[in-house]
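See the structures that follow.
Shared chain: chain A. Partners: chain B in the first complex, chain C in the second.
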Partner chain A sequence: MTGSRLRTLIGFGAVALTLGFFPALQEALDLPRFLVIFLFTTMFWVSQASSWNILTGFAGYFSFGQGAWYGIGVYTVSVLVGKHGWPFVAALPFAGLAAGAAGLLLGVVVFRLRRLSGEIFALTTLAVAFVLAAVARLSPAIDGGTGIFMTGTPIPEFLGDFSTAMYRLTLVFALLTVLAAYLIHDSRLGWGLFAIRDDEQVADGLGVPVFRYKMAALGANAFFAGLMGGVWSLQLGFVTVDDVFNIRVPLFVILMSVLGGMSHWMGPVLGAVIITTLSDRLNSAGLADVSQIIIGALLVVLALAVREGVYLRMRDRWVTTAAIFFGVLALVTVLDINSSLISDFAYAIVATTVAMLVPSGVWERVRAARGGNGRGGPPDILAEDLTEANT
Partner chain B sequence: MSLLEVTDVAKRFGGVVALDGVTMRVDEGEILGLVGPNGSGKSTLINVLSGFYAGDRGRVEFAGTDATSLRANRVAALGIARTFQIPRPFDTMTPRENIATSYMFGQHRHSLPEAREAAGEWLEFTGLGDVADLAITELTLHQLKFLELARALATQPSLLLLDEVLAGLNPSEINQSVEMIQRVHARGITLLIVEHVMRAVMALSHRIVVLDQGKVIVEGVPEQVMADPAVVRAYLGDRGLDA
Partner chain C sequence: MDLISQGVVSGVLVGGLYALMSLGLSLSWGALKIINLAHFSFILLSAYFVYQLTLSYQIDPLVTMVLVVPLFFGIGALMQVFFHMVKVDEFKSLIITFGIFIILQSLIRTIWSADFRRIGSELNPYATESIHIGAVAFPVSQLVAFAAAVLIAVGMSLLLSRTYFGKAVRAVAQDREMARAFGVDPRRVAVILSGLTTCFSALAGLFVAVGQTIFPGLAVSWFGIVFSVVILGGLGNTVGTLTAGVIVGVASNTAAVTWGPLSAPLVTFLILIAALLFRPEGLLTRRSVA
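Moving on, here comes the complex of A and B:
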């Protein structure tokens, strides 16, 4: 148990160090500058998806509120910096605090009403974003419908140039979010949340402090979403209500988490990497419109086919996963199909993901054909027929 | 000495009176059988005692502490645990994880590593060792009922409310469960059992309380209670007395 925690933390440190030195590496090896931008975009989404999953994946409260928490973060920094001349770094913590406070405020209202769960909770969180958008649009102190310029915001020198600064900030906050998700996942709090997700009434009866735990999950979700929103206000450059409070952020975090798997902290991380890579490649190929269709279709397939998400499948079949990933990567590199580094990875990621989306029945058959180290006994005839019909 | 003291507890749902001023007690160390026809308010009483429903009036006192209208998790922290008639396991968890979760909360707080370790004891006690790490969907009804019991026991309660643990079991499973309940009692846990299987209630209970239409109509030792005309009438109607 402590051994597995140690391994995870060492892995964490290794990833942090590697990513931390990447900008220097990029300059030294003269890799495309675009990689830095791609990676910080990915880290933004890793953080958003991971924070959303603390509430929805762990506690089982389906939320459309991600856009609201993100938006509060964006606007807190934009108003403090753009309208009141605060230094950017000083404004950042308030992005997290304001969003976290808003989350807790919603929680006090919503979680006190015992019957307010399921669809009603989801709709309430969606409504919060609409209300916030209206307030921001109408109030001159926030936006007033004119938007706020963030371009030219001075960034402290130690963070480097714009892209490097964005990279470092998103890296730190993404690491913090994922670390928080991991620590919650493997703790009393996390298990209490899982119990709430499975059967809240029973959890309550066994002594899980359901109100406090749900508040903690919602608070953590909103805090990290807001913090990263604050960072992202720089990337937006010109902050407008329509750009910030739209359905894009909540939809993407849902898709990423469902794809990767919502029961494990690694699920949203993996989902975010896959979706960002995919959508980046489609966009750069000039297929931005098609990308929406593909991503929508993917969501339908996922909802129907892989409930547990691809992460757990990849973990269980890590040899197959590694073989496909590195096999395709090598193939693409050797054949020189595409010279860009991301595209090579994109092929490998897509191939691996698609392989993991294949129904598990088919995998069972493959295993059985190989001599079967699966469960003993004669094959279930009915299941066999069903699998046949599916393939 | 009484462990649980229930005074004039009432609960209505719209126009339906489910509990109409129930007054009863559970003595420390006893097994109390709570019986009554369908719809007599047994399950409602369990739900009020465990904090799932707030009573409309009356008072519940547990081990000298006022437990009236406490939320369920506060009731659990006082040392009252319950099972559900239809097992409600946490279905994304294995039996071991179910039990570990309840051990972490319950009457005393424990850390996750402690809970993982302690889960083994309850798995062994209920004979679920072989299925400890299977998916919930692979368990039989009998095993799910035992898991329900193990999970309640893992909260380390002083008082355990058992809601029809025997319903749906076959005769040999019932015998096994009765024996299990006796072993639970032998650990010093006070029990309140709601049960329809009369043979088991008579064998287990030190005392029986009979509910009818939300009221306590009789209480006393098993033989005496079952011979009481009011009880026969409640179960069989007036014609029961002619037979």
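Moving on, here comes the complex of A and C:
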């Protein structure tokens, strides 16, 4: 085990422990209960974005299919529990398995075809979700247009009350998804997927088992998305086709991963935290209608402006990042602009993200103006050139 | 038997509307290399414009064409100017137009709410009228839409094969740099073509507003059908798109009549998969621009 892997796993364990004890901490310190709900919503999106990124970020196959896998998970649990009276926990694994199987089925059809380009794959996955929606709406065995009630589903006692149970379930599955993404990222499978993303024909020629690897990525994506969908059926309470198979899930995972960065497993995690915080604050400020417009506009800007995502930039400029984040956090806390803890964090997160979205060229110039000898800065010659060019 | 023949006739007619909805997407993908998901919201937006204009000025819905079509030409042309400014490839265009799609969908939802809207029958003589031949009914609104689809598909095909502009479009689609070397301005060609494609979407929206109830979720429900038609027809192939629209319309309608409504989306999807498997280049590829 290399040093960096050990460090990552220790960090992973620390985050898991902190998050694991958070509900107890919240009660002990009498923090707002909403924090628990906010955190399990965030973890839901962390899991969705991370699982999406295994296929799209690593293997480069752009997928609109996240809503389909998520929806299969939601409906598997809803039908088994709501219509056949299964216990919730027994139905849960089938959510992941059903979605995973559907993913592999699609994979067999589309990946066996050499000619299927990335764009056509993307649109095929888009069509899958709408076909599933139509089938669910028309078939009485699944939904039949009436919806399924999940409120009052008995939850095993060891999970605690409703929000604590949601918190624990989402935490476990989010950790599993991110761990899987990390392990794939740093494995032979991951290198193979990156090779496929860069140039599939060359990868094939160099002996990467292209078909098997793509199937593995698609299967993992669908499995984790479905599993978390199964958990989320509880939170939905009343499951309807329009609520489940809408454009929201694919839109948000794309946005989160593009923002965070798709080449690293941490990118979607960070993107999910940023977007969930932002959208939660917009909604609580009564801007729910505008928030979708803002998010659409953000997607356009990000697609044009940011190539590698904010995570890698934050890692490269971690001193600046930490300074801005804690500076703004301290500032809003001292000024007491907003009494809510999430709002304080939201200001800090937005400030840091915006700072990281500044084009690289501007950063280089700032560094050059300072003398160009800073940590990781450009070589002196380049710095001089830039200074000259500026004057 | 009458039920089946009625199903086939409705399928052919509704296939015309499917083709009209798909023409814009197919041309912009095939010739401009831009997968424009915003077309779905353009169709819906145009439908809402038609609805609003008809209601506000108490005019015949078909008359709104004189306002709506030029407006959408402008929107499409402007969008292409933007795409030129930021230099997008096929992949980026997918993400960017998805963003535009989301923005327009929320705008529609904000302005007109999620309610079901329909142009009242006193203003819309086309919705209820139909011509009867034997036991089979031909709804007028669908007949007009079908005629428009045929006119546009054949007209565009002639335009692309016979005129200077058409040659320029095909040249740009094949090799932008070479086209430039031979004196074609790729930017201008692309802007005009993009304007035209959004015009087709605007017309599709007009017939949607005339023929059925509209609501914001409608745009999303078109994805499966339109995408199947575009792939089956072949990118940039207008006559192919018309043929594919009719095939998809007839197949899904007949399936719905024989096996119940559940089978229609499944049949559409199976056609799509079959098209991807056996004819990924489209049914009639000879005339394709790309």
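As a convention for this text, the second predicted complex is superposed on the first by the 372 of 391 C-alpha atoms of A that agree within 3 Å, B and C clash if a C-alpha of one lies under 4 Å from a C-alpha of the other, contacts with A are read in each partner's own complex, and residues count from 1 in each chain.
The working rule: a contact is a pair of C-beta atoms (placed from the backbone, for glycine too) under 8 Å apart; a residue touches a chain by one contact, two chains touch by 3 or more.
Being a predicted model, the structure only gives us computed values, none of them experimental.
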*Will chain C clash with chain B on chain A after the two structures are superposed, or do they fit?*
fit
*Is A:Ile10 in contact with chain B, with chain C, with both, or with neither (first, second, both, neither)?*
neither
*Considering only touches as defined above, state whether A:Phe62 meets chain B (first), chain C (second), both or neither.*
second
*Using the superposition on chain A described above, determine whether A:Ile254 touches chain B (first), chain C (second), both, or neither.*
second
*More chain A residues in contact - chain B or chain C*: C
*Using the touch definition from the top, say if A:Leu138 reaches chain B (first), chain C (second), both or neither.*
second
*Which angle, as a multiple of 10 degrees, do chain B and chain C span at the CA centre of chain A?*
80
*Looking at the overlay, does A:Trp191 come into contact with chain B only (first), chain C only (second), both, or neither?*
first
_With both complexes overlaid on chain A, does A:Ala90 touch chain B (first), chain C (second), both or neither?_
neither
*Partner chain in contact with A:Ile295 - chain B first, chain C second, else both or neither*: second
*If you stack the two complexes on chain A, which partner ends up touching A:Val202: first (chain B), second (chain C), both, or neither?*
first
_Quick check on the superposed pair: does A:Leu25 touch chain B, chain C, both, or neither? Answer first, second, both or neither._
neither
_Distance of closest approach, chain C and chain B, by C-alpha atoms in Å_ = 14
*Starting from the residues of chain A touching chain B, keep only those that also touch chain C in the other complex, and list them.*
none
*Residues of chain A that touch chain C when the two form their complex*: 62, 109-110, 113, 115-116, 118-120, 122-124, 126-128, 130-131, 134-135, 138-139, 242, 246-247, 251, 254, 258, 289, 292-293, 295-300, 303-304
*State the interface residues of chain C toward chain A in the complex, per the touch definition above.*
35, 86, 88, 90-92, 94-96, 98-103, 105-107, 109-110, 217, 220-221, 223-224, 227-228, 231, 260-262, 264-266, 268-269, 272-273, 276-277, 280
*Touch list for chain A against partner chain B, complex*: 1-2, 186-188, 191-192, 194-195, 197-199, 201-211, 263
*Quick one: which bits of chain B touch chain A in the complex? Just the residue numbers, please.*
50-52, 71-73, 75-77, 81-82, 84, 88-93, 97, 100-102, 104-107, 109, 111-113, 115-116, 151-152, 155
